[in-house]
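What follows is chain A paired twice: with chain B in the first complex and chain C in the second.
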Partner chain A sequence: MGEGRFGVLAAAPLALVLALGFAAPLAIVMAFSAMPERVFDLGHRPDFSAYAAMIEQGYWRSLLRSLGMALIATVILMLLCWPLAFAMAKLWKTFTLVITIAVVLSLFVSENIRLFGWVLVLMKGGLLDGYLQHWFGWGTGGLVYNPGAIVFGLIYVYFPFMLFPMAQGAAMIPEDARQAAFDLGASRWTVLREIDLPLAAPGIMVGSLLCFVLSAGAIAEGKLLGGRSVITIGDDVEAAFTYAQNWPLGSALAVSLIAVLGGLVVIALGRIDLDRIMGRR
Partner chain B sequence: MVGSLTGPTRGARMALGLYGALILIILYLPLVAVGFASVSRGRYLSFPIRRYSFDWYGQALASDTVRELVITSFKVAVLVTVLSVVIGFFGALAFARYDWKGRHLFQKLALLPIFFPQAVLGLALLMWFNALGVTPSWKTGVVAHLVWISPVTTLIIAIRAYSYDPALEEAARDMGCSTLQTLREVTIPLLAPGMVTAGLFAFLLSWGNFPLSLFTLGVDATLPKWLYARMVSGYTPLVPTVGMLSVAFSAALVVLGLVIVWVRARRRAGAG
Partner chain C sequence: MQAQPILEIAGLTKTFGDFTALHAIDLKAREGEFLTIVGPSGSGKTTLIRLLAGLESPTDGAIYLRGQRIEKLPANKRPTCMVFQSLALFPHRSVGENIGFPLKIRGVSLTDRRERALELLDLLQLPRSYVDKRIQDCSGGERQRVALARALAFDPEILFFDEPLSALDYRLRKTLEKELKDLHARTGKTFVYITHSLEEAMVMSDRIAIMRAGRFEQIGTPDDIYARPISRFVAEFMGEVNLFDLALTPEGMQTGPLMMAPGITSRINLRTGSRITMMIRPESITLLDPDEDAEITVTGRFIDEYVLGSRVQRRFNLGDGHFVTVETLREARSALSVGAPMRLGWSLAQAHLIEER
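Showing the complex of A and B:
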């Protein structure tokens, strides 16, 4: 009995969901992005005017802004998560389990509830400001409704998406290699640069990719913590699809974002071996 | 690494431990704030909270709106759980177990929805449903959740599928089991722990999902969608209360799941 046939059959249900729920919607968005502005069906001559409008009306700025904020959040997350990921993979046993469970559990709480919690902590008269005022007579004032708060929200929400792949990557560093390098007189810094980071690279890459892609298209952080102080590309796509009823413009914006993110994902995923990361025998 | 010269010093270990603890505190700080807000008596929230009351909980539990939201959220999550575990079971076999020509490509395609901003996916699905002439409702919400959650269940079950020995299936077949019998008697029991974990994840991720629900449910609403609408406009003191109730329900499910795992592990230890 050929395993090949079983493989195809077993893949079929998921392939069907992805074809109807992922590939088809993206194809429709692509098709609409070529249509003249403000039409609601595909029976028009493609003129790509939505892309022209996107450039003329300055929407590319929100795209760049979102990519920039996503990049900042991703870099900060790399620095924040590395020591923790390394300790989880190499130093701790019980504490690793505690952190893993606690972080996974936090993922089950809607991000809007958690972000709303941060508004309550950081707003004027919030948990932080209110108690500082109460105890010491001075407070921080309101810390929300600015671009920094959005980046903070991105870092907070996508923290698990960096931590877990990175810890998985750190677990792939063989202790022998580090030991050998130290025996040969390498400094800690050299070991980090020459052994740890290159060997953990697949995990670091997956984590960074996830964080960058998910933060670039996020909506809730900007709305709740940013208070519309900055318009993100996600906001623009949403506005075009909903209030403005300009499907081609929304589609052109979405396609531009997807082109950048999709390009990164395809290049990066093409270079990693999932069997190795997930531990196939 | 104990006693090794190359490991971190005691000071560094302590600093790392403190850092880990600090991260955990920061992770849960917003939920503490929501918890405080949910028992604040005043209509307008400001810290420190002066008067506490549980009235909002009574109101939330008695409210028809909340009951409807719970029913919709539950309906969607149950359907998503059942469907995504079935899809994920087969998906995992194709992902990790069978050797077939398209496997490496399939592995990567299956990951794409996870590597995709959910809000943008939700908007794309909204347009797709419109183009098909389907009015968005909780049913289209189920489809949207499946697009994201089926790959997750596939991955979780695949981790389990990687760790079992294919020789067990071959043995069953050599002893005369049909394909279906092998599936029922060998494969499913071996993958069962992965399927339970995947089911729990599927339910909780669907229950708490916000970006997909926001755009793909039409006039219907799940708890996270309603909460968001109330956060951005028309705030009511019910927001933190309903939020906490939703979190409490998730937490109860997780505890139940952990108890099941613990009981099974003990029973196995007792049997072995």
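Showing the complex of A and C:
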């Protein structure tokens, strides 16, 4: 049996799972997005009216809002995680393990519960506001139910998704290249700009993509920390499928989001080398 | 009057915790000199070059560059440059960008950087078309030259080398040793080179400093080191040499397996109780005919021989755990049978006496 045939056979089970569990639902959603509004089967003439409704009824605003919040969260995560990721990869030894375990442990608790914890802390009369009132006589008022709170939630939840790929990227910077640049006259900032960031770029890119894609499609952060005052695209998709019983509209919204994010991922992955990150080369 | 040394270190000390890597060492490098620091691993030579380049700071002592103290300056403020053992080329930059990097930092324009990179490619005998080549596509020897070009780009006062040839195969290393010596002559720069190979140092250097356990054992020209090593350590470091212990006891001179002709012992200046090592190089020893004689002779049985290209090395067992290696030209060798007793000899003038401190 040739190598090639063995490869096909070995990949077959996963290919089947992906076809049934990933490609097929996606195809159905795409098909539904072309159907007339408020139908529950695919036996209709495609008229793409859901896309028109999406634009006319202003759903594109929540799409833009979600992408905007995802972008802000991703940029803040990049700035926040770089020093830590660099230190984890280059400076610390045991402490890196401590941080890794601490961050991974937080993932053991459900995202919803962790976010709800933040609601209790940040809400009007919550932990923070309450204690400040008690000690100083003034409080923060409610800090939730605004876009800032959602961005905070996104940063909090997707922190590990930026940190670990970034640390992986930082570990790829050869120490002697940094020293050589320094020896050739580069300042710390120049070393960062010319050596560190370009050489860690694949890791930074992977982390940013993960965070941006997950943030843009996030539902829980918007629901818990944004309440009904900030509507994300995820909220809209869910509402269209459930409360509004308008599957084609929900599908059209989902397909639009997937198209934007998918396009981004394709462009970005075309520019980085996953093999190198995985240490295969 | 002696010119001011371009580089001078005085009482330079470096400790890592309880371990002292450098014990208050002194050294001067002359302008335009090719100075090589040789030592086994752990002798402190890498620590020394890192202190000189500014990648580490000394525990104590001073480094002067043209009379100015520089030991507190960080590496990026020193007008010196180091070629790393790993070369440390930037993998994400082309050959031209690597060479132009130090100029970019100094605000040189892109066109001028490219012009300088092309000049340096010429100097290093690389084709000009390499300016846009990726580092990954360069061979080991080409990378070596790119690293040299990058180090020369901003016209540093001194170039430091941290064993840059150690990872290359023998033939390429030999070629690059000569090229480096040639480059040194053409640029007129001061080179301070680190290696564990005394052979490499012999080929290239104006002066050699032998390091041992954080101190300089001997500093001198390659000829000095070769002909007049001051200690057993230096002598043994050079590879194949024959060493014999001499000692003066009340009973007379103990010469071990050496047979000395009358009058020879009195020419060796030895105080009672002191020890002297006689060093004789394999190529200085002659196989004696039965009727021939020499000032100093030994008798041994032939063990085996190694052919080293044009030369042949033969080992003889002198008994009592003493061995001697003799080197002759390949065409001059006579056939010997294993176990055959042979008389070997040399003159006192050919031997070098090392008095241990």
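Here is the rule we go by: the second predicted complex is superposed on the first by the 279 of 281 C-alpha atoms of A that agree within 3 Å, B and C clash if a C-alpha of one lies under 4 Å from a C-alpha of the other, contacts with A are read in each partner's own complex, and residues count from 1 in each chain.
Rule of thumb we're sticking to: contacts are C-beta pairs under 8 Å (C-beta built on N, C-alpha and C of every residue); 3 or more make two chains touch, one makes a residue touch a chain.
The structure presented is a predicted model; accordingly, all values stated were derived computationally and were not measured.
K.L.:
Could you look at A:Arg45 and tell me whether it touches chain B, chain C, both or neither (first, second, both, neither)?
P.N.:
In the superposed model, A:Arg45 contacts neither chain B nor chain C.
K.L.:
Counting only touches as set out at the top, which of chain B and chain C does A:Ser187 meet: first, second, both, neither?
P.N.:
second
K.L.:
Would you check which partner chain A:Asn112 touches, where first means chain B only, second means chain C only, and both and neither mean what they say?
P.N.:
It touches chain B, and chain C stays clear.
K.L.:
On the superposed three-chain arrangement, identify whether chain B or chain C touches more chain A residues.
P.N.:
Residues of chain A touched, chain B against chain C: more for B.
K.L.:
Quick one: is A:Leu120 in contact with chain B, with chain C, with both, or with neither? Answer first, second, both or neither.
P.N.:
first
K.L.:
Classify the contacts of A:Lys93 with the two partner chains as first (chain B alone), second (chain C alone), both, or neither.
P.N.:
A:Lys93 sits against neither chain B nor chain C.
K.L.:
Could you say whether A:Asp176 touches chain B, chain C, both of them, or neither, answering first, second, both or neither?
P.N.:
A:Asp176: touches chain C, not chain B.
K.L.:
Please identify the positions on chain A that touch both chain B and chain C, taking each partner from its own complex.
P.N.:
179, 182
K.L.:
Taking the touch rule as given, give the residues of chain A at its contact with chain B in the complex, in rising order.
P.N.:
Contact set of chain A toward chain B: 1, 3-15, 17-18, 20-22, 24-26, 28-29, 32, 41-42, 83-84, 87, 90-92, 95, 98-99, 102-103, 105-118, 120-121, 125-127, 129-131, 134, 156, 159, 175, 178-179, 182, 209-210, 213-214, 216-220, 223-224, 234, 237-238, 241, 247, 250-251, 254, 257-258, 261, 265, 269-270, 274-275, 278-281.
K.L.:
How about chain C: which of its residues touch chain A in the complex?
P.N.:
It is residues 53-55, 74-76, 81-82, 84-86, 88-92, 101-102, 104-106, 150-151, 154 of chain C that touch chain A.
K.L.:
Considering the complex alone, what residue numbers of chain B touch chain A?
P.N.:
1, 4-8, 13, 16-17, 19-20, 23-24, 26-34, 36-37, 45-48, 86-88, 90-91, 93-94, 96, 98-104, 106-121, 123-128, 131, 143-144, 146-147, 150-151, 154-155, 158-159, 162-163, 173, 179, 204-205, 207-211, 214-215, 223-224, 227-228, 231-232, 239-240, 243, 246-247, 250-251, 254
K.L.:
Quick check on the complex: what are the chain A residues that touch chain C?
P.N.:
Per the touch definition, chain A meets chain C at residues 174, 176-177, 179-187, 190, 194-195, 198-199.
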